[in-house]
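Common to both upcoming complexes is chain A, partnered first by chain B, then by chain C.
And then the complex of A and B:
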């Protein structure tokens, strides 16, 4: 019986090709939009998970408060004394302060402003581990590299930062001084990080003597046996006492890498959720369209329903016929929507990578694909319920008489 | 057939198939409501955000050193800051009414044993004071503005009177601590709706410099010109002066001289892009609604095949049949749009209200312009008409003999 039901439904869908086609179209549009949006959301979450895994959950940020981007407010900073104090706290395995200075880079009369990061050359490996990225070409900075710099990935590309790519060994004018490029970082995946410039402590202190020992922020690594969140709290409390500040009046804050990442993912998830909700509106409209189509189908086939009932079909059978028919319309829309969504996301992802946003990479887990198709089927079936009830309640005598 | 007959015939038919017409219109009005509500909210939000910055007149120029502009307050994330001696030189350029140093200092603010990080900016002294106050349209809601010689006195932005910020509202006569120094509050500014005023601590220039600055750098220089017509000339002269003073070549400037409004353009572009993307997603539902109309119209044509046959056999022209169905479908769009706009306007205001309550931010506003209302209405009619074109064309091309025979 079940198979026959589906056959009958398919037959009816095919008989009214145009009308079914338009209904399928309206469902597939909504499913496409939702599938594409969610695939980007999932992809971003995957990206964040990979970073969290590679950088390790044992990292903690020590940041100054202040206004503007982290590390740019000259009145709030993490001092060398703070770093040395935190280094001695029980549970801290390693700590390194980083300078943050806006820098002006010049090449062939083109001027760009980017973030310059001052790194302790002795802690280079620790920093690479924390950034989950290392020097890909050339070499890392060494102590005494006062006129040498390592550049972000994007400097090697044409028409990205400068019209012409920068090559290894080239001398660039940075903040009015000549720097030799000795290395390039591997791709991090967002235009801001990939345009950073890395200096030694010595180079930053030489260019900007006023910031000596005033770091923008510091990266901390917890001991293997220490719970990072507990360590973060202990750093917060001990440093506060060390600096003689009252609780709630600290000029710094401590956050685990995991919590910072979570804040970021939460924002992305909420934004993505809003977009999906807006896209969902089109599915609601599609459901209304489907209901409409099914009402029309019931009307057209009134006589047929009468005949079926006259030869003994039960109300429930009639109900099933129409719900299944409308579910199938949804199912077809869902399958086509997933295919189209897959194509659109893949193209969109490729464009994002081209634009330097390689963290915007869609992912297509099975649950998303099967879920979207199931969702479309359910929406279709639910849209058919009201028309199906009307069909099942038709009186055979009236229905047979209907012209 | 008169145009009125077309109308009454369409309405008659729509009323005849009440359920189907309603369902079709629901499709359109959901889409229109979504588009109107989202565009309305987006416009309001965009206006509110750019309004945070766009409070200066067109006769003002802002000089800033180049750097990462959105990384913090002006002059914070720059490489080579401006210096205050430049301001004196700018003053002697013909056409400049006033040129004032803008200092922005961040610091810890304390009141009622609660601390927050805020920023302070300066008001110039002597005869520039009144011109500057006029330029920014500074007015107090309590107390008074600063005057020369007001040492350790401040005027605060209106948000400092919020009860939940420092436990109790700050009032004129209270003492506050900024970066460890005690100040007396002599005035509270009127609420401006821009964080640059509402969250600011305002002090005299000499106090700010002597207490908190240890170099000659300034965050920005504000210039007001005598005559709006000469602003282009003044801009060129200032640029030339700065190139000479800072030793940079034309085309390699490490500073910008801009009217604040043009500086806002790039921010506005970004916001507009976001708004456009959201509108496109909302727009999808309207397309789906349009498909619903096409479907309904095809069904209508099919049902009324015999009727079409009769009309044709008694002399109706193809164009009349086309117009009949075309208008009916436009009508579906129009009524759907009408209901949709009404719901959309209500939703936009409801969301804005709920957002303000939930987030406590005055930034969330709905701005449904007349252009948006009429544009949406017109658009829904167009969607209806486009959706009906193909079905109406099919109806008009039916062969009368076949149509009459149709069961």
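And then the complex of A and C:
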């Protein structure tokens, strides 16, 4: 392909500014949407990968089957007896039950309802490992900390949970009692987890005596040599028998961390995929539009094609000119779409982080950028193929006569 | 005896118009010698344009042979014909047919692009040809920024860009005023006399045709009269 012919194709794109501009716009919209959506998808996948790596794949959730968040339905729970039974199952290295109770927090006459999590202070390290987050400021809870609490990350921020930030040592009124704040958790990345309050078992049992030994869920860690999925199945089966329940009618369920993460990722991937598919439809529409534009261009330049053939242009040269021309339109649409998509994702990501959804951080890997641009160029070029074939097959004698 | 550059041997061209067949050329025989300035004359509908298309390898005959420097080109593919046209024949059209997006210089260099001539050589030759037609100062002007006469001079320079054997001028003065037309014709004459180019001039204007060495009169798709012009302008 001769450089001069590329230059000539470029000149034609530039000459019909309005028409080229509109065609570029139609491609740009699709590419922007795809680029932005995929960048969020990739960002989310990265987040999930990091979590999976940090928390490890050896974790298993044991959860009561209920409606809503674990622990919110008082009829379903994991009992202390269940936890003690599971602890003895072969392959289980560690297990810890967690209480979950909605709690009312007051500060300066502001009232908020958040989740309170009751943690076994002896298993604090195991919980930190499972949450992939630890105490960032202050200290962890100890046995006997009846009137002390560790707060989620967001309590330290202004206008997040309360108008004024909460500070270490401050006394907050929680469920009608005074609690001293002894520590803050690191940022987990979603507003719900980051507004959690952590108590000791003792504190929860003291506030809500009716839930004593009735955990919302339990976190299990598999032995180094045990396959977590097999262990999850074994827990499911043994606990069912232990509780004398029928298969399929258990009041609990067991899921490996990896499977839970996978479920979450799958939902997001499918959602993202559907959106990308919709964006792809707009690219197809753009392709049809480009083909139409190129047919018009061929018609408009029929005589010019005749002249080029008269002065020695082969059919292949004409074909190249028109394919390159529509490819250039696609390329421009692709580059602009990537720039716009980058801007939209960056702004959207910043807004999401501001709102506490730090896991919604878009990622812009080089393959995505180069792939989007290449895709747009290819779509443009392919859209130009049929008009280009028509142009190349014009008989010079007919083309020259065209007015 | 000068050698024959183009030979149309019993060339027929038949067009189908619905159920009817129209013979635009009926056994046309024409020989063009090297270095000749030939005029083809005829009224409209005489088959002049069809004959030019045959001579210029823009169209293929229904029957008969077209020999370019002794080689039969009537059976070649369109791409091969394009190559031959680019190399051997320079076209000058009534409507100039320059490409508006390109500058004068780029228009002249275009036929060389299709012959894969390197850039430096293309530019050097295009500049030389522009100078030859007296338009060095219009090098970077687009056709729309040039007068009709200037455009036709650029078109002449373009026709010469691959140094072709034959220059085919189809009504080259048709869109020009008589004075500019005269300049263009004398330009073609000079090309013929000084550079030895074979020039085929298609015209319906007797004043233009009388500059030629020989005039062939075409009617109903065949040569009806031949006239040698001893004066040659």
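Assume the second predicted complex is superposed on the first by the 398 of 403 C-alpha atoms of A that agree within 3 Å, B and C clash if a C-alpha of one lies under 4 Å from a C-alpha of the other, contacts with A are read in each partner's own complex, and residues count from 1 in each chain.
The rule is short, and it goes like this: contacts are C-beta pairs under 8 Å (C-beta built on N, C-alpha and C of every residue); 3 or more make two chains touch, one makes a residue touch a chain.
It should be emphasised that the depicted structure is a prediction, and the values quoted were computed from it without experimental measurement.
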| item | value |
| --- | --- |
| Overlay on chain A: chain C relative to chain B, clash or fit | fit |
| Contacts of A:59 with chain B and chain C, given as first, second, both or neither | neither |
| Touching partner for A:221 - first (chain B), second (chain C), both, neither | neither |
| Apex chain A: angle to the C-alpha centres of chain B and chain C, given in degrees as a multiple of 10 | 90 |
| Touching partner for A:293 - first (chain B), second (chain C), both, neither | first |
| Partner chain in contact with A:396 - chain B first, chain C second, else both or neither | second |
| Which of chain B and chain C A:320 touches, first, second, both or neither | neither |
| Of chain C and chain B, partner touching more chain A residues | B |
| Touching partner for A:148 - first (chain B), second (chain C), both, neither | neither |
| Which of chain B and chain C A:311 touches, first, second, both or neither | second |
| Minimum C-alpha spacing, chains overlaid - chain B and chain C, in Å | 10 |
| Common ground on chain A, meaning residues reached by chain C in one complex and by chain B in the other | none |
| Complex contact set, residues of chain A against chain B | 18-19, 22-23, 25-26, 29-30, 33, 37, 65-69, 72-76, 101-104, 106, 109, 111, 113-115, 175-176, 210, 248-249, 251, 275, 278-279, 281-282, 284-286, 288-289, 291-293, 295-296 |
| Contacting residues of chain B [partner chain A, same complex] | 19-20, 23-24, 26-27, 30-31, 34, 38, 66-68, 70-73, 76-80, 105-108, 110, 114-115, 117, 119, 179, 215, 251-252, 254, 278, 281-282, 284-285, 287-289, 291-292, 294-296, 298-299 |
| Interface residues, chain C side, partner chain A - complex | 53, 56, 58-59, 78-79, 82-83, 85-87, 91, 93, 97-99, 101-102, 109-111, 113-116, 119, 158, 162 |
| Chain A residues within the chain C interface of the complex | 2, 4-5, 8, 11-12, 15, 303-304, 306-317, 395-397, 400 |
